[in-house]
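Notes follow the structure.
Every chain is named by a letter (A, B, C, D and E) in the order it is written, and numbering of its residues begins at 1.
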Amino acid sequence: MQPSDTFLEVRDLHKSYPAKKGLGKHVDFVAVDEISFEIERGETWGLIGESGSGKTTTGRMVMALEKPTGGVVTLGGVDVTRMAGTELRRFRKRMQIVFQDSGSTFNPRRSVGDQIAFSIVRHGVVESDRTRSRVVELLERVGLTEAHYDRYIHELSGGQRQRLGICRALATEPDFLLLDEPTAALDVSVQAQILNLLKDLQAERGLTMLLITHDLSLVEYMCNRAGVLDKGKLVEQGDVDDLFTHPRSAVTRTLLDAVLDPTLPAPDPTIDRSTQ
Amino acid sequence: MTATLQKARRVEMPPVSGGMEHEGPSRFRLAVRAYVRDKAAVVALIVLVLVVLAAMLAPFLTPYSPTEGSASERLQGIGTPGHPLGLDGQGRDVLSRILYGGRNSLVAGVVPVVVVFPIALTIGLLAGYAKGRVGEVLMRILDVIFAFPLVLLAIAIAAVFGAGLGNVMIAVGITLVPYLARVAYTATVQETGKDYVEAARAAGATVPQILWRELLPNVVSPLVVYATTLCGLTIVVTAGLSFLGIGVVPPTPDWGIMTSDGGKVLLEGYVYLAAIPGTVILIVSLAFNLIGDGLRDALDPRKQTS
Amino acid sequence: MTALITRRVVSTLLVLLGVSVVVFLLVQLVPGDPARVILGQNATPAAIAEVRQALGLDKPIVVQFMDYLGGLLRGDLGTSLIVNSPVIDIVLPRFMNTLILAGAALIICVGVGVPLGLLAAKKQYSVFDRASMFISMTGASVPVYWMALLLIGFFGLTLGWFPTSGMYDSREPGGLPDLLLHLVLPAVAAALVPLAVIARMTRSVTLEVLEQDYVRTLRASGLPESTILWRHALRNALPQIVTVIGLQVGYLLGGVIFVEVVFGWPGLGGQLYTSISQRDMPTIQAGVLFIAVVFVAVNLLADISVGVLDPRSRKQAVA
Amino acid sequence: MTTPTPPAKTGSPATAPVLEIRDLSVEFATDSGTVRAVDHVDLTVEKGGILGLVGESGSGKSVTALCILGLIGSRRAKITSGEVRFQGEDLLTKTERQMRDVRGGRIGLVSQNALSALDPSFRIGDQLIEVIRLHQHVDKATAARIALDSLDIVALPDAARRMRSYPHELSGGQRQRVVIAIALACRPQLLIADEPTTALDATVQQQILDLLLDINKNLGTSMLMVTHDFGVVAHMCTTVAVMRKGRIVEQGEAGEIISFPRQPYTQGLMNAVPRLRLSETERAVPRSQRRLPVFVEESAFAERADYATV
Amino acid sequence: MRQRANRLSSSKKLLTTTAVGVAVVLGLSACAPGSAASTSGGQTLVIGMESEAGALDPQSPAGWVTWRVDYQIYDTLVTEDLSKSSEEAPVTELKPGLASSWTVSPDGLVYTFTIRDANFTDGTPVDAAAVEYNVRRMWDPASPQYSPQAAGSSVYLWQNLADVSSDGQTLTLTMAQPFSPFLRLLAGIGGGGIISPAALEKYGDEGIGDNPVGSGPFKFVDRVRGERITLERNDDYWGDVPELDRVVFRPLPDASARVAALRSGDVDIIAVPSPDSVAGLVDEGYQLSEGTPPHVWFLRFNFDNEYTKNKLVRQAINLAIDREGMAEDLLQGTANPAYDIQAPANDAYVERTDAYTRNLEEAKALLAEAGYPDGFTTTLTTSTDGSGQIVPVPMAEYIQQNLAEVGIDVKIDATEWTSYLGTYFQGTPDDVGLAQLSWGMTSPYWLYTQTSSSLIAPNGPNVGYYSNPELDAVMGQAISATDDAAATELWKQANEIATEDAVFAPIVNDKAPYILAPNVRGFVSASEEWYDLTNVSLD
């Protein structure tokens, strides 16, 4: 790798939860175990792991939604883990998150437009009288219309909810976007649209993105580099093409084997089995 | 781990070809529509409005005083000329007493709930959001009040303050605090755990902003529903306190007093005297319950479909 | 699980301490002088002063509270102003009677309310569902004492099936059969409102359960609807139903006062009614304390049994 | 445009189909009128075969599957036409009582939510035994033995001990194995698997699918596989039917349709998914310039869909 | 209180009172037949009381409900003859109780009682020492058995006692000054009942109420609080042995519940039926028993109030009230209109229909004369419930309507009974013109407690601040009179003065109705608030 323009740096990040096992004996549960990685400016980095591997906890710590028990996260040179209060709230303008289920991240009793506008107002992105038109611009950018402004979240389809999630994340004009399984709950046709949209936006705005997923094909499509998380440990990381063709860890191999590709002609087990 | 993974559930969409409406009806209209769909709630609301109107317009609806009567005309039943609902043990017009009594009974039922509502809401919100020590202490204090059964505590407080409409309302009000606050607390805790609160925090919202903009609208709705049904309960409880002699003081007309007075001659065959106010209490408290059910739908954005 | 129970027990004890403080303060807030209550119409200032001193009412309030707490710990709840005997002797036997009545009422509530709610949920939107829910909603809105009088009038006097008052026959107090006969009407009257609430709650909880994924698995396995309802739905709805029942015990203990007055049941409620009209504060204090303690204890028990009933909370998984 | 293709005979013995659905239509009453969720559908599951029923959310595939068991359950749903012939009998004309023998006894269901498909309040063993005793009328000990056998078939590790476990004590994959064990306990001729691997991790998904394949092979159980994933179809199905808006748009032998999809919709479904293994030409395009083909636009506003989640 | 004795110098009249005649009557009735019913063996009478009784300690503060039970268990030195109905004997006659005879010294200072040879039901003998023990419990702070509660509740009885001594069966009470009401007060509620000293020693002040031991016609069996008090016949009773085997007192505070219990046969006698149930019950064959106990439901005028301090106003109010209507219509004949301040069950009763019969014209004229031709506004305080209060609020409302007819606008301020008593005895506030209460004694001394200027609130029950030297003087003479007839005359004179000055507005006298099952025999409503059960039997 050539000398890089590192934007996000995670170093020795650690998270353990105190847990009681039996009476008196404390055995801490380690969710994330000393992981380190770097993401370059404008890059999409994939964090791969199955459920329980600690990938979501890592994401929350990167977003300063959870305090790590060890390690640092620097974003654009600023130590995120040391920030608190107003400073942190102000800093959130620069980093945003898109959840797996954006529907649940919208308040069911407020219009979606209002909630997107809140981010804009909160961080003083534009003059307050321009807020609404700014929201509408964003809505249109993610493929929605002004008519969606006054809607409530339950009135919208899964794909639309995800677009809104992206829309809100973009509202503060962040440099960094965390994508936590952004398409896991979507139909294939909708998933394609969202993935394309994310790609376009990244190109447009030079966003740095961290994609958290268990779906290797997603990583293959979105990321140049990625890391594999297993039981809290980052077992390997590197260039995606390299990672997927020459996996060095057993976990990665298992994950690769588990991917079912519809058009892969060679080992089609169906025919084998039905003829026997 | 967040529970988002488990929560993700495929919702199958129906094959839709319908176009989109450009300007939907206002939220209020939608809420009204959701409410109107519940026929029982609509009837209940109409009944309640009629009862309130009747109580307000009592002087125009009846020529008789609710507190004066002639003992020589006492205990005449339903259908007595000039007194459609008959006369009570003091020869007072039952209809007049029902109409005027509505003023006291409705006030006694609604005012404590309305007054306690914001207090309980504040306590529940703060305790629910703060969790930690503040929330713990607040909820423990409420637990102490909660440890006394509702009727019993109202009785004890009424015994302390003495009888009278005002005191009964204070007693009932104090008793209601933990009930309402608990609902607010539970709702707050539940909502606080939801992703949208986290999202708001991630968007940089301050604590007051989260409480006010995010949590409040979601906590108020279930609380309003619960409070509405409580109004029915308070009327019944107040009536019960009157029966025990620590409620509204005679000759003040009040449905509870009327029921308990009527109860004294119920077994003598004067069933109407207790049955009329009893039925009115029943209808009104039923109405509050049904309205509560209707509001549950009306305030739920998911039910507000056009 | 053990930790959970310990924590709940400790917090319950704290609540009880708070309860005793509230009960003590309640009495302090009562206007009027216990000595005046004792002496009634014959009171003279000299006699009142003498009685006040005898009762220790001339001591500072903090001292009185410490005395009260000390007494509580020794099981001494004070002396009745009216009857001049230890409050515990007055309250305890009557409290037992109240427990009998409330217990019987609870059996009715649960025995009728839970099946009613289950069946209504099973036949959601049917005529049976709507009718039973309307009736139970009505039941929850009827003033208890009014219902009690109607029961007396119809079953006691018109039909003459049941006695109308007391716990035992006046002339020849019988044993258990006599008690059961006397128990029917008051227990039904006391059960009415909680029954309605329990039925409604059971219905909505069961409806929720019936929407769960595993119910579809059960159906797909060919289980008859009745097995699904009475075995699986009930079992899964039980924790929530138990919680509601625990809360309804509070209503039962409070509402029983009306029933006891109307049926002449020698319970704590009737005693409280008398004591309140007599302003016999030590007795009121003790009665309220007893009921609060039971209520708190019942809810503790409900909490714990919910824990036991739900296999998921039996072994707290490491998050 | 729906031309029900006769099932390809390649490799499968020519016997009467286990399941034949003819002209099935289901309508739902919604607030905004009647919606036909299943529209004159014809389907066939060959004896010993695995039919993949593929479609997106709302295509009506789950409703079709549940119709077979008579479990649409919603008061708003109504079967308006068609028949469901299972081993020659029309299931739609059967009484509820007769259907109870079919369910769990002759047709098993593996539903999509592995995590919530088991009654959380009962032990695994008890849930199995209950079903076994219901259909096989055996004593408890025998039922327990059969239950243990079933758990062995689904390769649940440490089955004897797991009999005494509660569902929450098992992992998602283990739970799905138990669900399959229940469905198989009475050796049904047909297994309906409704997206059996949703909410499961990729590695676990593959294990479960392979388990189902083993069962198909070893027990000869025919299967109806409801899925949205052509990867799953390619992995295990003999025949496939593609469903869209309540209709079957394409039906045929699985390998053939995957290799040569005739309908653009089928093509779209397959191509919209990002793929792990790319051809050399695909790989030559820089990642930032790769695009997924989009074949269908979302409707402007979602409608309430709760009827479909029966 | 004892020290604040009446200072009137004692008169010199000599009189010895004996009760030979009464003893003869007693002896006759003892031989009377009436054993027919007692052959049935298990005769149990069940009485439904209007409320729970207090401690069964006759010397502790308690109301009539408790005393009605105590009366069956305990004897008093002097007692009233309750075997005659109010019609036969409007005023009860005093007769020997535990004291078979007594003498009063000519100066009225020394009472010598001969104590009957009897036993308490615990087997210990009744003697003068036992009675002295009882007296000292209520009177002598230096004695070990002294109880402030007992002293407080018997303050009027022992206020003039200077010394007590005993010798065998002879008890001597020495007064500090003559006190003519003494014997009648001894017969009543408020300290007269004699308890077994052995039992008092055994159970103590707190325990005696649950383990009462007296020497009366019935002895205590058991008590289940809130449910029942069971007494059984004292076969060794010194007087008439009762016919009943057992008496059960059951508290049934709810009027409807009492009537229901009577109808269903759970009880044989109920007290205080709701007025509306009486006619129906009589139609069904139940017996109504009424009397004229010493009970006055009256209004007190406030002499500090701008309006009611005016005698003309007080007279006008008296004339405006429709007592007949209230008794007949509102109360359905369960009470009699009251035409005197004292109850008819009292030697000093003077019927003053002239002063109290309704006359609206005259009332209006008096008001005009007083300067209020258009009336005025004032407040009437009453309770919402309470012992002897009948139905206070409807009655107050009735009066409110009566007074409205002469232009007086009455506001009713009703509070719950115990709080009402508390505020009542603190004295009437200036802006309250009328304060209601019901009370009464068979002793005319009652007038003194209500009107003496030495008992002005808060020092006594004179809550209207009435002060009339002329009345004080007459009552002083009456109290210290040593001749019964002379005392009665003086009391009547006092009564006239109070009536003339319209100190009160008496409204009704309660008839204290009891409803008896058809098979109850021998129950008599005498002119007293309690009843004698020795002659009661069941068919």
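The rule is short, and it goes like this: a residue touches a chain if its C-beta (ideal position, glycine included) is under 8 Å from a C-beta of that chain, and two chains touch if they have at least 3 such contacts.
Composition by chain, UniProt nomenclature: A = ATP-binding cassette domain-containing protein; B, C = ABC transporter permease; D = ABC transporter ATP-binding protein; E = ABC transporter substrate-binding protein.
What you see is a predicted model; the values in this text were computed from it and never measured.
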| item | value |
| --- | --- |
| Steps needed, at fewest, to go from chain A to chain B (ABC transporter permease) via touching chains | 1 |
| Distance-to-centre winner among chains (Cα means, whole assembly as reference) | C |
| Chain pair with the higher count of C-beta pairs in contact (B-E, C-E) | C-E |
| Whole-Å gap separating chain D and chain E, where each centre is the average of the chain's CA atoms | 91 |
| Whole-Å gap between the CA centroids of chain B (ABC transporter permease) and chain E | 49 |
| Centre distance in Å when chain A and chain E are each reduced to the mean of their C-alpha atoms | 90 |
| Between chain C (ABC transporter permease) and chain B (ABC transporter permease), distance of the C-alpha-averaged centres to the nearest whole Å | 23 |
| Sequence positions of chain A contacting 2 or more other chains | 51, 147, 151, 157-158 |
| Shared interface positions of chain B (ABC transporter permease), touching two or more other chains | 1, 5, 8-11, 13, 20, 162, 245-246, 263, 266-267 |
| Residues of chain D whose C-beta touches two or more other chains | 57, 113, 299-302 |
| Partner chain B (ABC transporter permease), residues of chain A touching it in the complex | 51-52, 56-57, 63, 65, 89-90, 92-93, 96-97, 99-101, 104-110, 115, 118-119, 122-123, 147, 150-152, 154, 157-158, 168, 172, 180-181, 184-185 |
| Residues of chain D touching chain C (ABC transporter permease) in the complex | 69, 71, 73, 75, 99-105, 108-109, 111, 113, 116-122, 130-131, 134-135, 166, 168-169, 179, 182-183, 310 |
| Residues of chain C (ABC transporter permease) defined as touching chain B (ABC transporter permease) within the complex | 11, 14-16, 18-19, 21-22, 26, 29-31, 137-138, 140-146, 149-150, 152-153, 157, 250-255, 257-258, 261, 272-273, 276-277, 279, 284, 288, 291-292, 295-296, 319 |
| Touching residues (chain side chain B (ABC transporter permease), partner chain A) in the complex | 1-2, 4-5, 7-11, 13, 20, 22-24, 194-196, 198-206, 209, 213-214, 217-218, 221, 301-302, 304 |
| In the complex with chain D, residue positions of chain A that touch it | 50-51, 145, 147, 151, 155-160, 187-193, 195-196, 199, 203, 214-218, 220-224, 241, 244, 254-265, 268-271, 273-276 |
